[in-house]
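Each remark here refers to the structure printed beneath this line.
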Amino acid sequence: METNTSFSWKEFVKAGLLGGAVAVLLSLVGMVAAFSGRYIVSGVFTMGQVLFIAPILLSTYAALRRNRQLTNSNLFMAGLLSGLVGSAILALLVLIGSMVNLRAMLINASPELYGILTFGRGTGLGIVILLGLGLLIGAAAAGFLLLPDRIRHALTQAIIWVLLIGLLRDLIVTVSFRWGPLSSIVRQLFAVSGLTIIGALILFLLVGGVSYWRWGRPKRDAAESFNQQRPAARWLTIGITGLILLFLPLILGTFFSEILDNVSMYILMGLGLNIVVGFAGLLDLGYVAFFAIGAYTIGILTSPELGIATMSWWEALPFALLASFLAGFVLGLPVLKMRGDYLAIVTLGFGEIVRLLVLSDWLRPWLGGSQGIQRIAQPSIGPLVLNTQQELYYLFLIGLGLVAFIAWRLKDSRLGRSWMALREDEDVAMAMGINHVSTKLLAFATGALFSGLAGAIFAAKLTSVYPHSMNFLVSINVLSLIIIGGMGSIPGVFIGALVLIAAPDLLREFAEFRYLVYGALLVVMMLTRPEGLWPEKRRQLELHEEEPAVVPAAD
Amino acid sequence: MPLLEVENLHTYYDNIQALRGVSLMVEKGEIVTLIGANGAGKTTTLRTICGLLRPREGHVKLEGEDLAKYKSHEIVYKGIAMVPEGRGVFARMTVTENLEMGAFSRNGKEEIKRNMERVFSLFPRLRERRTQLAGTMSGGEQQMLATGRALMASPNVLLMDEPSMGLAPVLVELIFDTIAQINKEGVTILLVEQNALMALAVAHRGYVLQTGEIVLKDTAENLRKNPTVQKAYLGME
Amino acid sequence: MLRNWTQRVTLTDIIVWALGILILIGVIWGSIVTLNTGKYSTSTWIDLTITGLALGGVYALIALGYTLVYGILRMINFAHSEVFMSGPFTATFAAQALIALGWWNTYPILSLVIVMLVSAAVSASIAILLERIAYRPLRHAPRLVPLITAIGASFFLQYTFRGLYGSGLKPFPDMEIFSGFWLIGTVRIFKTQAVAILGAFIMMLVLYTIVQRTKIGKAMRSVSEDKEVAALMGINVDRVITTTFALGGISAGIAGILYLLLFPVAHFFMGFFPGLKAFTAAVLGGIGNVPGAFLGAMVLGLLESVGPSLFLDGLGIPAPNQLKDAIAFTILVFILIFRPSGLLGERLTQAKA
Amino acid sequence: MTLLVAKNVTKRFGGLVALNKIDIEMKDNAIQSIIGPNGAGKTTFFNCVTGFYTPEEGDILLGEHNITGLSPDRVTQLGISRTYQNIRLFKNMTSVENILVGMHPHLKAGLIGGIFRGPLTRKEEAEALKEARRILNFVGLKGRGDMMAKNLPYGEQRRLEIGRALASKPKLLLLDEPTAGMNPSETHEMMNFIRHLRDELGVTILLIEHQMRVVMGISELISVLDFGEKIAEGTPVEIQNNPHVIEAYLGRGAASGLVQAAA
Amino acid sequence: MFKRSYALLALLVIAGMALAACGPAASAFECTDALGCVTVGPGEPIHLAYAMVISGADETLGVDSRNGVEVAISQKGQVLGHDIQLTGEDEGCSAEGGQAAGTKLAADPTIVAVFGTSCSSAARVAVPLLSQAGFAIISASNTAPDLTEAGNENNHPGYLRTAHNDEIQGAAAAQFAFEELGVTQAATIHDGSLYAEKLQEVFATTFEEMGGTITTTEAVDPNGTDFKGALTSIAATEPEFIYMPIFVNAGSLITRQAKEVPGLEEVRLMGADGMFSPDLVEGAGDAVEGLFLSSPDLASFGPEYQSTFLPKYEEMFGTEPISVFHAHGYDAANMVFAAIEQVAVQDPDGTLHIPRQALRDALYATKDFKGLTGNLTCTPTGDCADPKIAVYESHPGQFPPDRIWP
């Protein structure tokens, strides 16, 4: 490698272009404007501004990092260049927008957007400010890179936490309402939107300080430190976690209970799909079908509306589970001879067929058609009917515990090995005496069972089911979460659900852009970290294998 | 100046090192063979030369020009053709189409025609089967086709990877005869072979590769006499 | 022989076959009842057939994109439905501009060509970008990985277009020269339908010729067989793959304009179902096979158009047309079970084991 | 006592006849080989025996079972297992796991057992693990149990593959080019190992092999295939002197070379 | 990681306590309302919320109504000297979405009123939650009859709507067809949405009661494109009239394709307000000639709709209205503003107290409110829409169409 002190300006122009392009995209799809009402620090800056500044900053920083060997002055030059290019693209957007009515095509190219981008200073001055900001960004990126590691780390942490807490203002305030005295304290830190300046300052110093202080101390990840604990301590950890889980809805209130329920439901489905996709390697895009079957079975058997049966929820549950398990079996039979991508499309087709059938006028007398089924029974324990989100949470918790246990046990069993072998090499697995059909069917049916359980609880939670709830996007949600979490990894399912289900639930502006972000996330994840956030160890090796790792066999 | 020169190649598969500083050279008009056990790096060396793999260190030079700046498909234009391991004929294309693909890098219609004639005279069998799909031919015929296809590019250097693999012994002899004949017509050949006995019989010089390193180099004749080679690769006790 | 056969047959096969036969009986029974009641006249059936063929033409052009890409990379470009959506969606703006210029009905052919060019260019660029950014780095990854990427890219594109252009409907203006119909005997063919069928057929021929006869076509075929060996022939594999995606994109873009002639409303979700149907068509015809995609699409278009009235009506199913997508998906499932190589696809022997 | 009888086996792919009326019989406890050039139908024959292909005509009997057209898993359960020409291990599983998968037909735990892990299941798993380690030792992979299969060196992968095949306790073991890519000394070792297998475990072995040295060295009976036809069968000496084989397959030079080497 | 965040939390709490010590003094106002009061401090905005569908396939419906609300807010500026803050949740046009949105909004006691939901399926789950939280809930697009049917379990206190009940519109359409046009054979089409299915059901019941015959009921996919099959099936039953209370996309294509199906050329088509949009005229082209649409009586739509509302909408969102219930959203918002102004108690320092029950009562008492969609008068169960349904006949390139009935 040549020790060249000059830098290739092309790379930094590229970085700037990339950052600028992303910023323009975020602006034009409407994210910047949507988040511009959301202050991070009240009166100082908004999430909208973060959204168009961050891409340029990050892209510049990444480019600089790749060229760390440059001299300081060159680093600054490069940073300025990249930042300037990035902001110039945004400025160009503003300039063009001020001359041509882009709005005829691009509905978000609104005066409001230009106002946000130019900080409300009009086109001329705004562009100057924007370009200046670009230089500032570049300088900041370079300066940031030159900071000592410890300070940089502390700074990063502090910024991230301020952003996070600022964004989650509404939630924190909402939860705090449940805790009278705390509420008024918490509300002091927050403004009507975002943190107050003082709040932000306190938070910034606090996090920065703590993380500065912690720098260099041995870090252990949670799982490892858990494993290293003595048995007694371990049980204590489990006990405390259990207690927290038990009282979570009481601590957090209905708002969070709803999110918890949702997350739990998706984890339940995720664990099921994880068996199908992660363990057995069968990509199932029609997973929602089994969810629908579980939910509808409960509906049909408990709702007085259809006049078929009026069981209690508990009585109907076994039928729902059986129905989804059998459906997994029956639907699985014909499709399991297929491999890979064909299977994916066919299962997608199945999901759609099920949706079309529950929606159809044909089956309306039994399934309710588009009017759905209402007045579905809710489970009761003795005299207590579980009908609030907090109460239903426990139902989810029990289901989750059960299912997670089963998934975990199966993973290390003879069956789990067979799934893995089939995933690795189907022909060879068959030659080992593994019946590929029945083994795959078991994976399919077990996955279906879990999904059916989720559906059954879902029906109880809503007391109604509609065909519109059974769409393809549910399958995509579940698939995304297990992939983001890490295919085949059980803790990954939990992480994935927290990231993909809880986060958009927490940030309401986000809902509109949910699938945009999912899509981008899936692509980026597959390109950079195909094994997911919490990978299963084995899978990680497998997905990074590009060329045969061993020198080709027949050399 | 040697026609093909390989200097100090270090090639990796992910993080597993397959070549540890391989250097060799091939003079114009020679047949040079590379022998070694499975996993020694023979195929890797060939793949690195023709650009399918990128070395982490080292150079491949053709007539003194470093090939690092060329992609694998551009290297063909420089005059290096390869008969890949396992033959790699296009199974769903006819014999003629396969040969045409071999001439992909050539533009002159005349030249292509001439080359085609040359291949057909070298392997009369192929002429008979011109319109047959390559996938339906026997292993020996496929080997002929693969060799012919490589010749269609009018190469200066022909890289051959295990041409005798999986062939009937009776065909092996034929293939090696052809190799000698092609060489006589002026094509320089770098030959990787498991069948060291045959390879050393036809080659001028040879290199012995072991776990990614050249451990021996000499004329073919001397190598045949070398007791280590005899023991390890020729199976003589 | 019989003994062998009985040994080979498993419970799975029996259930699958039973299901297949059951459906077949249903189809035949339904058809007989429908035809017996004489609810529909002959000209109605002809009308439905033509409608089906026109729809099939659009599916065919989309299916070509799936087939080309599958042929060369052995992957399902799930985001192809968005490649299809992007072109016509953008073209509606071009059409509005042409109307503003006053060209739309004064130079209709020129306008149509311009709109098609815009549509094809946008679709092709999206396809190329997709390949460059999302698929190329994953060429050696396990098969699930690019498929998941494709699903992600599909969503990203859909919602990017939604964000950029809004979620409203974008009407595509009528063209005067294509309004009305021709009468051939007693058969009415709407001009737009004729254009769709014809356009699809021509495009299929062009692509078939490119793949079979031209140098780049042969390069595509050799890349589809073995990328490394193709590179050893001096073929720039990356460029060939890019070309393949571009061809698929162009064909999808043209499909989009034909689609808009038939159904003159564009919106960001318009790609999803046609994409799925076209994929079904590609599989039905034998994926990787250009004429197969065309044939499959025509058959699918027909079944979808005629099927509900023919099979389901006779079975006494109310609102049978609600289930026409279910017909398409059922076909997909059964084709993949009974003849995964499709109508024209070669049987891929596993001789390599 | 014959173990395997293949009668009149014919397999076609489209118009191509890959196997044409092949008869092969194997005695219990024998070591036999199939030779022939690539594309002669050797591997196709293996695939017919192991259930991956169903022959269009003919029968294959294992002992008294007619196994024609049975699915691969059934065939394996009846006592046939195999290795592959290009090693096909479960690359991302450890050596032990590979062996455990091989033991699949002899384990019982299913869905319920896997979830509840009753005492029986636990005992079974423990014993299986012990057995797997024993097999690893037997094939010379002691201490490699927890290594990912793909990280093993080439020779060990071959042995692991054989170990995995042995784990199903086969009566008949099919080896597809077990010495491919080995140098002479490794090849020699492998030959000894194959003999050892037969002598120690009483497994009947059918080989596909290209290296004449190996074929001639250890086979008791050799069948020669060419273009899907069996053109000869006999002891090594008979085969080497069969003019038909010499012409179609061995060639004069090789044949004489072998005779010398054998001498 | 974990430890760090605990420490952080603890420190935050302490810091917060210190700040809390200098909190504001309690106000003198005493709330006597049965449901309590919302207090809006000086300088703080009045918090309104929406629960509408803003993502997924049905998003145009919700986004459009929300836009209407935002136009109203923007035009209003301030209410009693306070800004108006609008936040919201996506109800996804589904029951589960409704539950999530309802639960989350119900947990925020600063909310005064909620606009929503967009879809009736969401309403059935969300409304009880929001009602219990004491909010006033006004929907701009729920049309299912059960929501405002007295005594129905889906009817909840505090719920009102500016959208008209399906019962009224469906019945009006039937009346128009049978009495005005004199047809006796009608077919119906729905698209599997609650809205369309209910409307066609009401139409069918009324039509049959009057003595007409429903020849067949077809259902189509709202995202579909080729409806010839369905239309051919309908043609085979030889109706004189087709009622299709669906949405713009499928509606415009069906309008076109019906002209191309033999036997239907002369059959009159009729849509409902779900199709009452300029997009339909554009999408259906010349085929739109003679299409009937039922909609609230445009004559009672104030002229402001064309003169001020539409320009404002386009200025704010860069597009023409993308669905049909924007004006209803606008009216809902203005009703709420009026009601707040009526019941709120203001302290001298600007602090605002809004009693919840009083607010609901004020809304229910709305009478002759001049809105864009007509003169709104609310029933005791919350139906506020001007029940005057008119029928319009469309002509190519013309919007709004001609009012022809009554």
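Labels for the chains are A, B, C, D and E, by order of writing; each one numbers its residues from 1.
One rule holds for everything that comes next: contacts are C-beta pairs under 8 Å (C-beta built on N, C-alpha and C of every residue); 3 or more make two chains touch, one makes a residue touch a chain.
These figures come from a predicted structure and were not determined experimentally.
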Checklist entry - Which chains are in contact with both chain C and chain E? => result A
Checklist outcome for this item: Common contacts of chain A and chain E, by label, are C
Checklist entry - Which two chains are joined by the greatest number of C-beta pairs in contact? => result A-C
Checklist entry - By CA centroid distance, what chain is farthest from chain A? => result B
Checklist outcome for this item: The distance between the C-alpha centres of chain A and chain C, rounded to whole Å, is 32
Checklist entry - Quick one: chain B and chain E, Cα centre-to-centre, how many Å? => result 75
Item to check | Whole-Å separation of chain centres (CA-atom averages), chain C against chain D | outcome: 46
Checklist outcome for this item: Touching two or more other chains in chain A are residues 106-108, 359-361, 427, 515, 542, 545-551, 553-555
Checklist entry - Which residues does chain B have that touch at least 2 chains other than itself? => result 38-39, 165
Checklist entry - Which residues of chain C are in contact with two or more other chains? => result 10, 166, 318-320, 322, 325, 353
Checklist outcome for this item: Residue set of chain D touching chain A in the complex reads 50, 52, 71-73, 76-77, 81-82, 84, 86-93, 97, 100-102, 104-105, 107, 109-111, 113-117, 121, 125, 148, 150-154, 157, 164, 168, 180-181
Item to check | In the complex, chain A residues that touch chain E | outcome: 103, 106-110, 112, 161, 170, 174, 177, 181-182, 184-186, 188-189, 192, 198, 202-203, 206-207, 210-211, 214, 222, 253-255, 257-259, 262, 359-361, 369-372, 374-375, 389, 458, 461-469, 471, 473, 505, 508, 511-512, 514-515
Checklist outcome for this item: Residue set of chain B touching chain C in the complex reads 50-52, 71-74, 76-77, 81-82, 84, 88, 90-93, 97, 100-102, 104-105, 149, 153
Item to check | Contact set on chain A toward chain D in their complex | outcome: 405-406, 409-410, 413-418, 420-421, 424-425, 427-436, 442, 446, 538-539, 541-542, 545, 548-551, 553-555
Item to check | Footprint of chain C on chain E - complex, ascending | outcome: 57, 59-60, 63, 192, 217-221, 223-230, 232-233, 235-236, 248-249, 252-253, 256, 260-263, 279, 282-283, 285-286, 318-320, 322
